[in-house]
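What follows is a single structure, written as structure tokens, with notes after it.
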Amino acid sequence: MIDVVLDVISWVLLALGGACVLIGGIGGLRLPNFYTRIHAASLTDTMATLLIFTGMMLQSGFSLPTMKLFAIMLFLLLTGPTATYALANAALLSGMKPDSGVERDRGASGGVQ
Amino acid sequence: MYILVSIAILVTMVLALVRALLGPTVYDRVLAVNVFGTKTVLLLSVIAFLYGRPDFLDLALAYALINVVGILAVLEFFQDRSRKQQGADND
Amino acid sequence: MIYVFALFLLTLLVITAVAIVRTTNLFVAVMLTSIFSLLMAANFFILDAADVALTEAAVGAGVTTVIFLSALALAGDVEQPRLGSRLLPLGTVGVLAVLIIYATFDKPRLGDPDAPVHQHVAPWYLEKTPEYMDIPNVVTAVLSSFRGYDTLGEVFVVFAACIGVLFILGVRPPGPAAELPAEPSGLRHHLIPQVVGRLLVPFIVLFGLYVQFHGEYGPGGGFQAGAIIATGVILYALLEGEAEALRAVPRSVLLGLVVGGALLFGAVGVVCMLMGGAFLDYSVLAADPVFGQQMGIIVIEAGVGMAVCGALLSIFHAFAAREGRP
Amino acid sequence: MSQHGEAQLPAVLLLLLVLAVSWVLWSGLYKPLLLGLGVFSCLLSVYMALRMGFFRNQAMMSLLPRLPGYWWWLLREIARSSVEVARIILKPSMPISPTLVELASQADSEAGQVILGNSITLSPGTVTLDLHEGKLLVHCLTRDTARELQAGEVSRRAAALERN
């Protein structure tokens, strides 16, 4: 009984994770500029990673692969935002202006402030 | 189910590849590479399970640990360049 | 299903390759190359070649990108416009492609057990590995024992390549002249990468050593381990600067690793001869030939790992030292 | 910044323990030879970490006990904002309103600031663009997320991590 429940939960998690991956990919194409695309990437980086790895860990039960999966997830969640930060920071330093909506509308993108 | 998830990941890899080819800025491409990297880790883990060979997870672990090095190298590359340009401007 | 995946990834591989050839911005080419490497590793993995995939991962994820970018920093990132007509190269490539496609008609089906390549020595290796050295990973057995001469040759190729790069890039001997880095390179004001990176480095090193010593049981071995550990040190160099990395792991240690690794490999062979066996026949190393084989494999894998790690780091430092020079 | 001599024994032992546990769990083989090599590997890794100034900032240690609770809160936060971002991406009109927010970190220690910066990046919809001397520059996908960020719950919780 408990097995079936675990199975169902892990399938749901995996399906949600797959959906997250897809949505992130679509967002990466649809969103209009670099800084907004980062958000789509972070959707797949964090939520999809969490869901898919949790799903797989539930499937494999308490075993050594589970520990390896946990380590992979932990390192991904540690390095993912760091890489994103490094990239965003490189773009910022090189003078790419984020379009900042209403507060600094127009002129902000592409011009000198 | 694993097959469905891996198909979703493969499709996203294609989308990321399209983004890497379209650009338009260099950073978009680096972002696409980064997304591609995480997707590879996911794909490898999922396929290791699909195969029923979880001992192959070492590969995903390797990527999870060292993928960030490439992106940090990119950050340093751009910093170096902007520093050199500033130096050239000041001269 | 797996073959569909492999085919799909191969298609992406071709698309990426074409894009690499067509772009004139070399930085973009480097980025696409790292996608190419990821795809390649996934492909190897799907085709069940985990050892090769791990090599691709260990080298492609960190070291290649870093060294390519160092080269770009020296050379500029715009491709020279090409001169002359494209017809001749296009024709050559076209003819070659047709020839290769023609040659594949004779190729056995993928995974066909009756293919000639599976009739020659492979079954013998598979059969004898448990008997001679009792380790699960046949790839490691073939690499380090059955074909130990080849691997010895490869280690000396790595050794020679390292010496060649050092000669070409002309590193000065470590003396007073080399001690004046005007400003520390590395990332400044970047707390997040620095703190996270510092946390990662011990785990990368440990994982590298894990790969090193589990070559007999799972994917891995000296080549991959050397590359992974080198990546860990390169990460440190990126975060804290060249000089700091050279302080933590001095150049003399690196050269010692390269030379020592190659010599260790050769020395194992000589010891085998002294103990009455053939060159690189590890069976004589212990009273029990199986244990002797295992010991021999562990020691020569360590030699390979040391040589690769030292060579990659020396090359990296050679590029970086060149970069810092006006 | 001197890096030698100031390493505290508890921190070194903790790292050694974590590395040893990782080795045992990754390896899964308990032969004496491999365990011996594992001891050697862990010691070598710790020695490398020592040489590379791993123990330079001590604040990390004091954060550890409160980390699980923080992660739990962060997890729910991530789940909530993921749904939001997913909805925005899938809507045909894509109602985004990118906003920049400058935030002063309430956490003083390096580790606390890093946790704050990375938590912001981890939750979809907000990305840390710059972290310098306790000031964060954050890019938000919508104005609502920006307002939420300025309310400062993340910052408060990250700062609470280091309070003893």
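Lettered A, B, C and D in written order, each chain numbered from 1.
Going forward, contacts are C-beta pairs under 8 Å (C-beta built on N, C-alpha and C of every residue); 3 or more make two chains touch, one makes a residue touch a chain.
All of these numbers come straight from a predicted model, not from anything done at the bench.
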item: Centrality ranking, top chain (CA atoms only); value: B
item: Chain pair with the higher count of C-beta pairs in contact (B-C, A-C); value: B-C
item: Whole-Å gap between the CA centroids of chain A and chain C; value: 30
item: Centre-to-centre distance between chain C and chain B (centres being mean Cα positions), rounded to whole Å; value: 19
item: Distance between the centres, which are taken as Cα means, of chain D and chain C, whole angstrom; value: 31
item: Contacts with two or more other chains, residues of chain A listed in rising order; value: 19, 24, 26, 38, 45, 64, 68, 71, 75, 78-82, 84-86, 89
item: Where chain C touches two or more other chains, by residue; value: 190, 192-193, 196-197, 199-200, 203, 207, 232
item: Numbers and ranges of chain B residues touching at least 2 other chains; value: 13-14, 30, 32, 55, 58, 61, 65, 67-68, 72, 74-75, 79
item: Chain C contact footprint on chain B (complex, rising order); value: 3, 6, 10, 13-14, 17, 20-21, 23, 26, 29-30, 32-33, 36-37, 40, 43-44, 47, 50-51, 55-56, 58-59, 61-63, 65-70, 72-77, 79-81
item: Residues of chain C touching chain D in the complex; value: 189-192, 195-196, 198-199, 201-203, 205-207, 209-210, 212-214, 217, 232, 236, 240, 248-249
item: Residues of chain C touching chain A in the complex; value: 190, 192-193, 196-197, 199-200, 203
item: Touching residues on chain C, where the partner in the complex is chain B; value: 1-2, 5, 8-9, 12, 15-16, 19, 25, 27-28, 31-32, 34-35, 38-39, 41-42, 45-46, 50, 53-54, 57-58, 61-62, 65-66, 69, 72-73, 185-187, 190, 193, 196-197, 200, 203-204, 207, 211, 218-220, 224, 228, 231-232, 234-235, 238-239, 323
item: Partner chain A, residues of chain B touching it in the complex; value: 1-2, 4-5, 7-9, 11-16, 18-19, 25, 27-28, 30-32, 34-35, 38-39, 41-42, 45-46, 49, 54-55, 57-58, 60-61, 64-65, 67-68, 71-72, 74-75, 78-79, 82
